[in-house]
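You will see two complexes here that share chain A, one where it goes with chain B and one where it goes with chain C.
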Partner chain A sequence: AAARGCGGVWRRACQRGAGGHSLAPRGQRAVACNARGGAVPPGKSGLAPWVPVVGLEIHAQISSNSKLFSGSEVQFAAPPNSLVSFFDASLPGTLPVLNRRCVEAAVMTGLALNCSINKKSLFDRKHYFYADLPAGYQITQQRVPIAVNGSLSYSLCIDNKMSQMVTKTVRIKQIQLEQDSGKSLHDDTRSQTLIDLNRAGVGLMEVVMEPDMCCGEEAAAAVRELQLILQTLGSSQAIMAEGQLRVDANVSVHRPGEPYGVRTEVKNINSIRFLAKAVDYEIQRQIEELKNGGTILNETRAFDSKLGCTVPMRDKEGKQDYRFMPEPNLPPLILYNAKSLPANMNHQQVVNIDWIHERLPDLPSVKRAKLVEQYGILPEHSFTLMSEDGLTEFFENVVKQTQMKPNKVIGWILNDMLSYLKQHSLTVKESPVSSFLLADLLNLLEKKEISSTAAKQVLAELWKGEGKTPLEIVKEKKLELIQDQKELEQICQAVIDGQENEVIMMVLE
Partner chain B sequence: AVLRGGMCPQVSAALKEGRVTPTELCQRCLSLIRSTKFLNAYITIAEETALKQAEESEKRYRRGQPLGVLDGIPIAVKDNFNTAGIETTCASNMLKGYISPYNATVVQKLLDQGAVLLGKTNLDEFAMGSGSTDGVFGPVRNPWSYSRQYKKKSVPKSHSEDEESNWVITGGSSGGSAAAVSSFTCFAALGSDTGGSTRNPAAHCGVVGLKPTYGLISRHGLIPLVNSMDVPGILTRCVDDAAVVLGSLAGHDPKDSTTIQDNFKPFELPNLTDVSKLSIGIPKEYHAPGLSSEILALWSKAADLFKNAGAKVTEVSLPHTRYSIVCYHVLCTAEVASNMARFDGLEYGHRSDMNKSTESMYAATRREGFNDVVRGRILSGNYFLLKQNYENYFVKAQKVRRLIANDFLKVFGSGVDILLTPTTLSDAVPYMEFIKEDNRTRSTQDDILTQAANMAGLPAVNVPAALSERGLPVGLQFIGRSFQEKQLLTVAKWFEKQVKFPMIQLEEVKRHDHDVFQHQQSASFS
Partner chain C sequence: QTVTVAVLDHLERLALVDFRDAEGVQRLQEAIQFADQLHEVNTDGVEPMDSVLEDRCLYLREDDVTEGNCTKELLKNAKEKVEEYFVAPPGNIPLPKLEERETFLQGS
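Our next item is the complex of A and B:
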């Protein structure tokens, strides 16, 4: 539901532009989205530049013990078809029963994304035949979704410099609750399809972002921020590799002042890095297509991460008519606030928006501001801290246990520790050096018992994870700084006494 | 003799006093089912489990700890309710041989109260029909076809013809359940009612057929026709029995989000002595085209009966009734198209051997699994749901549905307690005549008087009123306010008492049971 198509305009634009305007050659990053939201620069002909438009549809799997409408457990990588209730398998006569936790997760997410929460939302059936959709329809919220009209602020750096960050906003059109489908596994050698219904019926939040972005980098930054918010709320684990966060991108390009171009939908994007690549590739492809006098088809394309390009998805049926219909087995979903809460209603039966609002945790943006204020670190440092799961906590724990100033601690965390972890593909939790050990080490440094160079040596030892304390390593390797003036004088004297000539020479040099 | 009466108080008392044991009762019902097999009322007879259940019940009675009035009572269930371990077919090739892993909530509730489940009763395929003639297991025959009452009056006219061609339909789609209750093979049966599927066969078979308020009884486990109108129906021999079964089934079910939240209190029906405070409405729109003069006369006779007893009887208007059928057609087929989508041959049910592609397998499975009626409704339903048609058909039909419901609200708001209408346009027609028209035409005609109550979700009950000139049962319908089943059934019970509907005199069964004539009663009321 993003860019509206207008093929005619494109044809005119191309005719007008006939005469060899050229864009940046292939390979070069033509879609220079420079965070200021600019369009692609004009070609030599002086024709108006292209304006890429990117909208996103994001499916976030709700983190809950059981599915959206059934009691079966939700679990990643369980044995096939081991988490399937009668309802999930669409046995005749079974009925959906809405999972309260999923509703609360959607309300939480809606509030965090500044949405209006609809006090009354409705469920609909969306029909299509597919082997991993056992009922022949998906229960979703087509007419009145649970949350609408929100916004998401995200930041990205200009020209890849961490020191130059800008904040942008993308409007959130809606958040709707819906069922996930099962999984089809095609066995081509035996020409059969195997169905796993473990995922069938798991709760999803579909977050629809308006086409307010203009390049892959923006899309990636917006999704990254959303991911952090979901993880902070706990409403979704949002791990893309496990399919808990799935992103479809709607991409179109047009001339400034003209209507949006025909859009394509890019699917099959399974990491944030690939999202940026896929969007940029698709923008570039569309521009070249139009530049060469072609037209853009309103089609679904898949991103091939190996080839780094998008390819049309074979869609035999063409346009589907989903034959939406109200779901007759679920009454309207009614939510309450403190004012409208009925006095004599069972608490198990109601979801109170205000109650959820009051209990929202600090969102990443607030946490970042607090980190900057509380510890005197730079804003870009707060971004790095927040972007690594558990890193903020680690940092704060170190700060608590050391006399070193936070703005000095941050360097050790971001430069030494983080790069080590990245090098070895470790998460913060897997770090062989605990916050306690690092604090210990930094305390030695702070008390000037060791030099900064020595501290790095100790840290290198600590990574080995041999269970030694920093002090033990310092002693073992004799890395202590000597603080006693007399002792130093004595050492110096001894050196001078023994090596008089050399000392004099050194002095002379 | 115990077999012929209602469940309460006769059979319950007999069981309690040990005059009959649950096993004896079960065995007698099973042997009756066998001797009336030609009626084709049952699709599956669960002899083994029934006898086991009866045995368990017997133990409870011996210990003096029966579970309640229903303990040991033989019942039957329409074959579109899921029954764990017993085939559930919906009279369709699609589900032939399908054994559900779970019990419908209503089935479970009956079993929990000690009822003995004899078997699953016949119906139109997926409950789509009004004759119980369109199922894969063949048509159900109305037990009254074999009654002395019918033979005396109808057979002489056509004695030259083969007796075979004279039998009449049960109505439907719960015809198997109605026939089962009417032929004494069980004391109560579950039907389902979407447009009249419980009340219509009840009227044709001379039994009580109750369609409770939408949301009062759980639909969990009922294989849906139209989710927004389906209600489990209750078929019994008398109004008191219907109240007892209702009491055992009604109330919130966490597995059905459309059931009421409030607790339901089972009730006993009082014997009404004074109807002077009662206001009966006679909706003029139910004087529908095609209404037989016989039924019209019976209807006004019934109105007079109330008037003469002191009740206030007034003509009322439900102006949107005439749009009800066409509106129902749109809403029904749309939901059918959606509900039937799950039958694709993958998870359960029939799967075609065609395996060229998943799509061709779907198509072949559905062509082989569904009859023409079901396929026709799927086709038109999908048409109404197309993006370009949705506003013009589905949304409009929903609006009309609201108007129909509002008609009832207005009438009840004006002080009317109960509406009195005919249940069917005529008495049951012979099968040979019935099949001259197609299913759609028949359903349109036959649901006309019953179907508005489903649109509005209101409780309605068929009460047998008299025998027609041809010696066949004719019923009248009472429609009540939402969730006012007690008031509705109290009035129905009063009416039942006045009309003294005659007991069926089954010739075929007579050979097996000489008690048949013991309960003869007068065949008319006036």
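Our next item is the complex of A and C:
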């Protein structure tokens, strides 16, 4: 089968040692995929180009009070082994009991990703030995997961400008419920590993994306969109820095028309930026290796963020045999819809797919379209608004409090406010300039009491967070536009008189 | 059809069982033969059954915090601990290679 990836215009994705370029969607990009869908162009040797293929396995921690199969609490950063029940520690005589909230989270996510929800899904055991997996197996859904065959649409800017956005789709193979493992802290000095089981048994949704992507930028954009969707649904908070969203990339390259190449799995990717870097590095590494007559091993590699490269992982030798078997302690998970709902069943024991579907919130793509329609802004604008936590709310609050038109306000938000925030590494919530202050300032501008140059000066002052109002700053710095006709005439006359040999035209704003 | 040494080695690695001697391997052999009787039944077009529980209702628990906070009790079982962490070796300790092991398989 021909590759589904699009290939792209290739430049070296990262330099060893030197800091790479930021690969945020609106920042600079070291690599771009073109929408026309060309493969990587041939080198000087004139051989056929390479087609990179990228698939993703994403683990999202379910946002719930308690764990997937036990009643211990789910919380980031608690004293070690304080959130662990006897079941989580795999003590004999304990049994798994499924958490209803986790099932609902998986159904919501499946519906949001256009999946078919399996009304009957099964649990399995995946066996391997590791100190952070006390039972020696993980309960997962290998044979029949809860949701299959969905899709995720995401947007990319082409040509490094925010002016042209293109929509791509990646197929979702499946979503499965599974247990998280505990955490290992490696103490190399004493040659030991410290185990904290607080995370052991936390519910995860594994989202498997088919290899429809072709480069780091696409992978990053797809994950970013998934993150926004999960956060909108509330099924996962999806904060990568807290390990609530973990991504492994499967990467291979092949010649057009030939079968897919051997793939490697890349792990230890800790941010969306690093995801793009890791994928691009690995593609480049594989191309170089094959060009030099080498072969690609079907191995697991770790991304080293300091060096910007991938390295083989120790402890992962050869193909793992997980000896999957049905989980004997859990009957099949049955979900219902309005039609199949049994008449006299206890509500608490029923997960109704239709009920959940009716209550799904507006997804990011729908919200973006609504913003464009409601405020007359461009799709690229709404994309940027929604990418920044709290920015949409900020924008809408300013619009409410000012007479300035939304399509003018947007410039102040995206150009001025956002760049200040980025410069000082602040979130919208941490902004010293509130929506109220900005609206106040924009009103002065709208009423023509100040010029836009003056407005920018006032904003710069407001950023100092000294508590002054825009009006106070204008008065202090004498930035008011002079409105009095007579006064203006006098000033002009004086200037003209002072320059007898020149006539100066003053443009009055 | 006997179980090969390669398969026995593979199983010992995966499951950390020790077949130990000829008697152990023989027991395995007999268990496989016993299970092979299943092949005498024609199961074409029949869905496999995982468990006799398949018609039971899977109980769904409310999302309440009801357990945990028993660090002391859990650590009582630990051979070694550091503050409140369990201590484990730095990584999985690999089984010695087939040639180096002191089991029946080495002597065969």
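By definition in this document, the second predicted complex is superposed on the first by the 443 of 509 C-alpha atoms of A that agree within 3 Å, B and C clash if a C-alpha of one lies under 4 Å from a C-alpha of the other, contacts with A are read in each partner's own complex, and residues count from 1 in each chain.
One rule holds for everything that comes next: a contact is a pair of C-beta atoms (placed from the backbone, for glycine too) under 8 Å apart; a residue touches a chain by one contact, two chains touch by 3 or more.
Quantities reported herein were computed from a predicted structural model and do not represent experimental measurements.
Trainee: Taking the superposition as given, does A:D188 touch the first partner, chain B, the second, chain C, both, or neither?
Mentor: second
Trainee: A:P52 contacts which: chain B (first), chain C (second), both, neither?
Mentor: neither
Trainee: Of the partners chain B and chain C, which touch A:D196 in the superposed model: first, second, both, neither?
Mentor: second
Trainee: Quick one: classify A:R101 as touching chain B (first), chain C (second), both or neither.
Mentor: second
Trainee: Considering only the touch criterion stated at the top, classify A:P79 as touching first (chain B), second (chain C), both, or neither.
Mentor: It touches chain C, and chain B stays clear.
Trainee: Give one of first, second, both or neither to describe whether A:F129 is in contact with chain B, with chain C, with both, or with none.
Mentor: both
Trainee: After superposition on the shared chain, which partner residues are touched by A:P331: those of chain B (first), chain C (second), both, or neither?
Mentor: Both partners.
Trainee: I'd like to know which partner A:S64 touches here: chain B for first, chain C for second, both or neither.
Mentor: A:S64 sits against chain C, while chain B stays out of touch.
Trainee: Residues of chain A touched: more by chain B or chain C?
Mentor: C
Trainee: Would you sort A:D321 into first (chain B), second (chain C), both or neither based on which partner it touches?
Mentor: both
Trainee: Where on chain A do chain B and chain C both make contact?
Mentor: 86, 89, 91, 97-98, 127, 129, 131, 193, 195, 321, 323, 328, 330-331, 349
Trainee: Report the residues of chain A in contact with chain C in the complex, numbered from low to high.
Mentor: Its residues touching chain C are 64-66, 70-73, 79-87, 89, 91, 97-103, 122, 127, 129-131, 184-188, 191-197, 314-315, 321, 323, 326, 328, 330-334, 348-349, 351.
Trainee: Within their complex, state which residues of chain A touch chain B.
Mentor: Listed in rising order, the residues are 86, 89-98, 125, 127, 129, 131, 134-137, 193, 195, 321-325, 328-331, 346, 349.
Trainee: Would you pull the chain B residues touching chain A in the complex into a rising list?
Mentor: Result: residues 81-82, 88, 90, 95, 100-102, 104, 219-224, 226-228, 254-258, 261, 334-335, 337-338, 340-344, 346-348, 358-359, 362, 382, 385-387, 390, 394 of chain B touch chain A.
Trainee: Can you check the complex and tell me which residues of chain C touch chain A?
Mentor: 10, 14-16, 50-51, 53-71, 74-75, 77, 82-92
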